[in-house]
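These notes open a run of structures that come right after.
Heads up, the next two complexes both have subunit A, just with different partners, subunit B and then subunit C.
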Partner chain A sequence: MKTIQITTALIAMIIAMGFSPYVTGQSLTGKQIIEKVYNRPTGDDQTSNLAMTLINKSGAQRVRKIKQFTMDLGDVEKSIMFFLSPADVKNTSFMNWTYDSDQSDDQWIYLPALKKTKRISSDSKSDYFMGSDFTYDDLGDRKLEDDTHKLLREETMDGKECYVVESVSKDDDYMYSKTLVWVNKSTFVGVKKEFYDEDEDLLKILSIKEAEEVSGIWVIVNSEMKNIQKNHRTTIILSNIQINTGMSDSKFTERMMMRGM
Partner chain B sequence: MKLLNQPWIVVAVAIIISALFFMQMKQKSRMETDLDKYMPQDHPAFVYSDQAEEWFGINDGIIVAIENQKGIFNTATLDTLKQLTRRLRKMEEIEKADVTSLYTADNIVGTEDGMDVKTFYKRVPASVENLNELKHNVENNEMTFGRLVSFDETVTVIIAEIKDDVFTQKFYKEILSLVASYETKDIKIHVAGRPIVEGTMALLGPADMKKMVPIVLLVITLVLFIMLRSIKSTILTMAVVFFSVLWSFGLMAAVNIPIYAVSTMIPVMLIAIGVADGIHLYSHLQLYLRKNPEASKREASIDMLQQMWKPVAMTSITTAIGFISLLTSQVYPIKYFGIFTAFGVLMAMVFSLALIPAGIMIFGLPKVKKAANNKSNTETGLAYNFAAKVLKRKSVSLFVTAAIIVLSIVGMQKIWINSSFLDKFEKESDIVLTDKFINEHFGGTTTLNLILDAGGQKDVFKQPEVLKLTDQMQSKLENDLEVVGNSFSLTDYTKRMNKVMNADQEEFNTIPDKQDMIAQYLLLYEMSGDPENLNKVVDYDYAKLNVTFQLKSDNSKALNSAIAIIETYEDDFDKHGITMNYAGSGYKGLIFTDLILEGQIMSLILSLIIVIILLSLMFKNYKIGIIGAVPIIITALISFGIMGFLNLPLNTTTALLSSIAIGIGIDYAVHFIEQYRINASKTDDQNLVAQKTMAHSGRAISYNAIVVIAGFLVLLFSVFPPNRELGALVSLNMFTSFVGTVTIMLVLLKMSNVYFKKSKE
Partner chain C sequence: MRDKMRTKGLVLILLLIAGQYTKAQNLDISGFARTYEGVLFNTGDFGIVQQTLNLNFEQRGNKVAFKANPMIYLYNADSLNFRMRELYLDLYFDNFDIRIGKQQVVWGKADGVFITDIVSPLNLTEFLLPDFNEIRTGVIATKVNYYLGNSTFEAIWIPQFTPTERPPPGSIWYIQPDFPVTPTWDFSRETITPGLESSEVFLKYTALTSAIDFEIMGAYTWDDNPTMHVQKEFGVDPVTMLPILTGINITPEHHRLAIGGGSFSSEIKGVILRGEAAYYNGKYFLTEDILQPDGNIQKDYLHYLVGLDFNLGPVKLSSQFIQQTILNYDNNLLNEKTENTMTFLARYDMLRETLHLELFSYIGLTNEDALIRPKITYDFDDSFSILLGSNIFVGDKKGRFGQYGDNSMAYLKIKYSF
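Now for the complex of A and B:
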């Protein structure tokens, strides 16, 4: 399991559009489209409140409120999140460092009841983020070269002109055999994404419900991931988003995890 | 009577309607193999169980066990496990997310400074080092060791949950051929699990019946021929049975009611009861022709109908009402069984009274051969002798009956109820052996789900005291009961996380003392493991808990012994405002069997009362009502008594058999009493009355008993044990009804003096 870089992740994955120079008259390859999505600017740091709602098949809900901080330090991206509610997990915190290189993520957890910070190591990128239907990879922790990208077609989705790009994993054992993403042609923001499991059956559908421009950067503020096979879904809503507030690297330490916000 | 002039019309109408029903059957008949459909959906226990199954995704699992005597930690076996897991996930009938094996499981382990989350393997390990690492990981994870991999490391399982109604024989064969394709010299693969047991049982019983019933009919036809000495009579009697069965099933199809497993008992009942009408009619006809050899077929038919319509109608209506009393059952298939058997019995009556005379008009009278005359003389002599002896030695009948009643009541004390499905299979069948094999290596193939319900109070199941109590109960069951192999609930996850977060030290394999700690561990588990796992043991509000017990037997004794220990914790949980409920197919089977029996006993008593009242009304004397019920009571008592002594449990099949005691008992008693009454009105000689009755009704009854007993003994060769029990018990019931009627009932009839008083006045 990994910690969170939700903002970055969401931004990276979905937002990429607001600005990218529109290449007129020149048709893009699948890879170029995905590159534009991945490389959308996300700012140097970001702070936000996150409300994550898990909804099971009988309609019961679990709501978690989290305060999160993310910072891009060039070759490493650091994030830290603090639980605000429910009460019995308040101040539980997670920290995640993701590297641009192949080095695997470093993760820590602090449980206030245990009064200890523990390191968590995981060999899997397919971990679900906080028990939600999102994996860390879904949230943007995926590298361009991990997949073979192919532009399938162009079509209208939710009234937006989109590229439809298929990305097939180069690793046979990866949890998704392929993904299909609908990318808004004019903004390079994702609109919808389908995830296929290792047996090539549809597993999940991501729908981007709302994006918002903050300090000139597009941020997805409302999205829903639905697991078709388990009939389970997760919505993530961001609020109080602040970008480029001039955060300090010293915020991302084990001591800060224990101290709280 | 007018119809005697138009016999062809009778036959034509019967055939046309039968053809219509037959077409209905062809178009619409279908077997219901989903056992859930048998259960009364509105019964509180089922309603709760169904809800709980929905909340926690409780489904029965197919268990695929991969065995390698050399151990499973080698590349070939692990590769087979991976391939099979993936193939099973692709099968349409299987819920993809609900396939569990070492390949899909997470391994969460504690380390020096934290926690490590891994799958056991994705790529099949090839090097000795990697294989040993995997082995080490499995052995150190109590969530896996003994659950997915056997302690002796020779077997590993894949559990594939399926929906209730998707199991078909085709699907089972597909799985079997799939696993067979992965078998090698070293790797053996076994398939078990409740869906397979249930599905196979629901199909095997009726399939076996389908094979056996024609043989039963053939034997009955043969014996009937030997008894009646007439091809025409035999064919017409069998036609009555055939048409009544056809009409019952045709009507069932026409009103869109599927064929349930118990419905296969309908032909059994109709064969046993339907031949009786024909036998009594022909028996009367033969006796009439013997006295009046020159009678025309018209005269003979008219006499037959005049003399016999009353007892035939009386027996049929009483029997039908007896079956209709099954409507009091809460179980729909039993209600249907009652209705359609009643319908069939009434149709058998109509056919007997219409088709048989029509047949005589068309085909002529059965020939009364000379040889038969000789035989009939000895028969009559036998009957006279027998009747005289019975009446002379009344005390023998009375004493033996009393002794039998006492013995039967003793035997009945030993009767136990069994809802087991596995016990219905041959001890040496693949299904039973595979089940045994898996039970030897793992916790058990039968699950009992205990649902602890805090009535909507949130977070109760994060409280340390509550989880500790639950943990205590789980250990108690695992330790005290051999039959409980394993248990599983939120406590196991909590303990595991506590251990993991404390560097995997065994002394932390306990429930923490603080609620916040538990909450944080569970959050951590949710974030690191597959969150679906937690959804199977606790609801979103932590207000309901699902505790799963794995049992090594699905019989009622095993389930009840587990429930008995669980119930001792009722007060402790009650203090926390927690109530106990149960869920799952094993529990539903238990309740279902109880319901069937309860309904069966209720309807047995009810129909006995109805029979006594009806007989009292028909014969205008309450004493006769009671005397007429004696063969029924004796038959039922002996049937249950013998089951007790032979350790045959009551189950859905054997319980239904008490209905046959009523159906047959009435037939015998009514015919006998009616003849006795007619004879008594002609003479005051009590012995002669008894002798004449014995020669007339006694003869027909003995024919009836011999024919049906011979037919049903065929079922002893069935491959399906419940059908064998059925054959033996039907034969037994026929026999005791017969003996009871011609001995104790005759004695009581005479002692009651009902008809003689009357005739003297």
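Now for the complex of A and C:
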């Protein structure tokens, strides 16, 4: 059984790189820009299918398929994932509860072969998710105050006017020395993000390739993370997205983890 | 020979039926095929030559689900073993579920140790070496789960008792009991007739909360291992005219057990702390006390564990301390008053989770023996993997692990999942 240990729902990435519907005319600080990116509406609940493709430097591909559900309950966001493929992780499920407060996430994994739901540690932020180029931290909803944000410049990226904001973690042991994010000035959409390693060399680039509006909420449906140093990459494609369906809290229980979708 | 032919025929018929039914009903089908060969270090002989086909047939609906899990083992060249590991029906209601049929039930928070995990008996015909998902035996049971938020009340009724499976004589895992004279065996009381009075009942309450997960359980069951009731026969030595042992009659018999226990799991600063304990009321133990006419005495017994799971950089580590204690101990018992064991697990995944290095060990602290299990797995792709490993038994020959010192082996598993 491959290690499947996740820090939060992949949907959270969309929050971090998402959209804000309004534009202010005033000049903004780096922190204000990132705050607008983080605080975009995501709906009360979301359902989607996710296909993650791992592509190595020779072009060989491995595909992981997941069905995921997310629900915002106010002070806690709950998510649950069901692994559909490959065969050796099929019917495995993962549940995550993320809190608005400083409390650490709670995470459980259900392994069908062992017929057991296990609590797992959420302290593996720098591990890579299912062998992909996304770390658990990349996929998690990072808090605004975790980093110092600085507006570096404004420039055009892919024909879009963008802010370029540098974020440096306040934690000296953080896996990245800094990140640079290009934010669309008119929509506050993240367009691109660069990740620098501890030696301040460029490590990875996240590119947002496509977004679509579902129930009035913009969702990134196609993105790619490329490891520049090792020359492999991972794409994530979302499909069958449903938002605000009136999901029940009972979806996020051990019963559902064991029973499946 | 006739039994083998019958088994093969049954397997073939089941596969044909399953294939047709799958086509007709659009069942979800998955499983794996595996070849598994082990070579003993001592002799160079093959200790294990096993080919396995595992099939899962599942159909899930909103109200009803069905699962069948036949597993076929081919040992050596021509010894076919068919097992229906699970065959059950699920019924889903608003606040409760019912599962009826042959099923495997897993309880507790321990890894590789069975404390409150006593519903499904174990198949120990290959000691503790099979994967933990293959070591349990399915039981025919009715299980009802009632849900209240993140709490679950579980009740299980098992009408037919299933004992632990032991290695048969001739197996490299069979340990010949040491008797001063050749014993005679009386198996007339070993089998328990199915019926209401002989059924087993298990109850459990589970809570999954932000701070802690815990389970509280109780069981009125049978001891999965039979008690060996011993009758000794004495004669008179014609030379010394002293009494001498002339015969031993052994009668295996399962006895009722009442068991209570629980387990918990919680995260503290990135470390998972786990614990599990069970209290056995009136378990039988062998004794040399001459006042006990059949060589056994009932004692209460405590079995518990504490464990930690944590990460050291990219390496995942886990360790458990286990203690078994006989309460109100007397020195005539053949078992030690306490037996302490530890487990240790280290795992490192690399090359984008295609290469996995793992070391798992049982360490017997009381008898200073161990089972050390290093292994390396490489995933050629998502469905095809190769595993090279070793089972190394070391230490005191009287210990649970050291007794298999001659069975240390290297092995290879090649697995195709679908």
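Keep this in mind: the second predicted complex is superposed on the first by the 233 of 261 C-alpha atoms of A that agree within 3 Å, B and C clash if a C-alpha of one lies under 4 Å from a C-alpha of the other, contacts with A are read in each partner's own complex, and residues count from 1 in each chain.
Criterion: contacts are C-beta pairs under 8 Å (C-beta built on N, C-alpha and C of every residue); 3 or more make two chains touch, one makes a residue touch a chain.
None of these values were measured; they are calculated from a predicted model.
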{"item": "Subunit A as common anchor, with subunit B and subunit C clashing or fitting", "value": "clash"}
{"item": "Touching partner for A:S104 - first (subunit B), second (subunit C), both, neither", "value": "second"}
{"item": "First, second, both or neither for A:M52, with subunit B first and subunit C second", "value": "neither"}
{"item": "Touched partner set for A:R62, first subunit B, second subunit C, both or neither", "value": "both"}
{"item": "First (subunit B), second (subunit C), both or neither touched by A:I217", "value": "neither"}
{"item": "Touching partner for A:L151 - first (subunit B), second (subunit C), both, neither", "value": "neither"}
{"item": "Touched partner set for A:G131, first subunit B, second subunit C, both or neither", "value": "both"}
{"item": "Partner chain(s) touched by A:D88 [first = subunit B, second = subunit C, both, neither]", "value": "both"}
{"item": "Touching partner for A:E254 - first (subunit B), second (subunit C), both, neither", "value": "second"}
{"item": "Partner chain in contact with A:R119 - subunit B first, subunit C second, else both or neither", "value": "both"}
{"item": "Residues of subunit A at both interfaces, subunit B in one complex, subunit C in the other", "value": "54, 56, 62, 86, 88, 108, 113-114, 116, 118-124, 127-128, 130-132, 232"}
{"item": "Subunit A partner contacts - residues on subunit B that touch it in the complex", "value": "54-55, 86, 89-90, 95-97, 111, 113-119, 122-123, 459, 462, 501, 512, 514-517, 519-521, 523-524, 526-528, 530-532, 534-535, 539-541"}
{"item": "List of subunit A residues in touch with subunit C within their complex", "value": "2-3, 54, 56, 62-63, 85-88, 90, 97, 99, 103-104, 106, 108, 113-124, 127-128, 130-132, 232, 250, 253-255, 259-260"}
{"item": "Residue ranges of subunit C touching subunit A (in the complex, touch as defined)", "value": "30, 32, 60, 65, 90, 92, 97, 104-106, 109, 131-133, 145, 147, 149-150, 152, 206, 208, 210, 213, 265-267, 269-272, 309-311, 314, 316, 347, 349, 352-354, 356, 379, 381-383, 385, 417-418"}
{"item": "Of subunit A, residues touching subunit B in the complex", "value": "1, 54, 56, 58, 60-62, 83, 86, 88-89, 92, 94, 108-109, 111-114, 116, 118-124, 127-132, 173, 197-199, 201, 229-230, 232"}
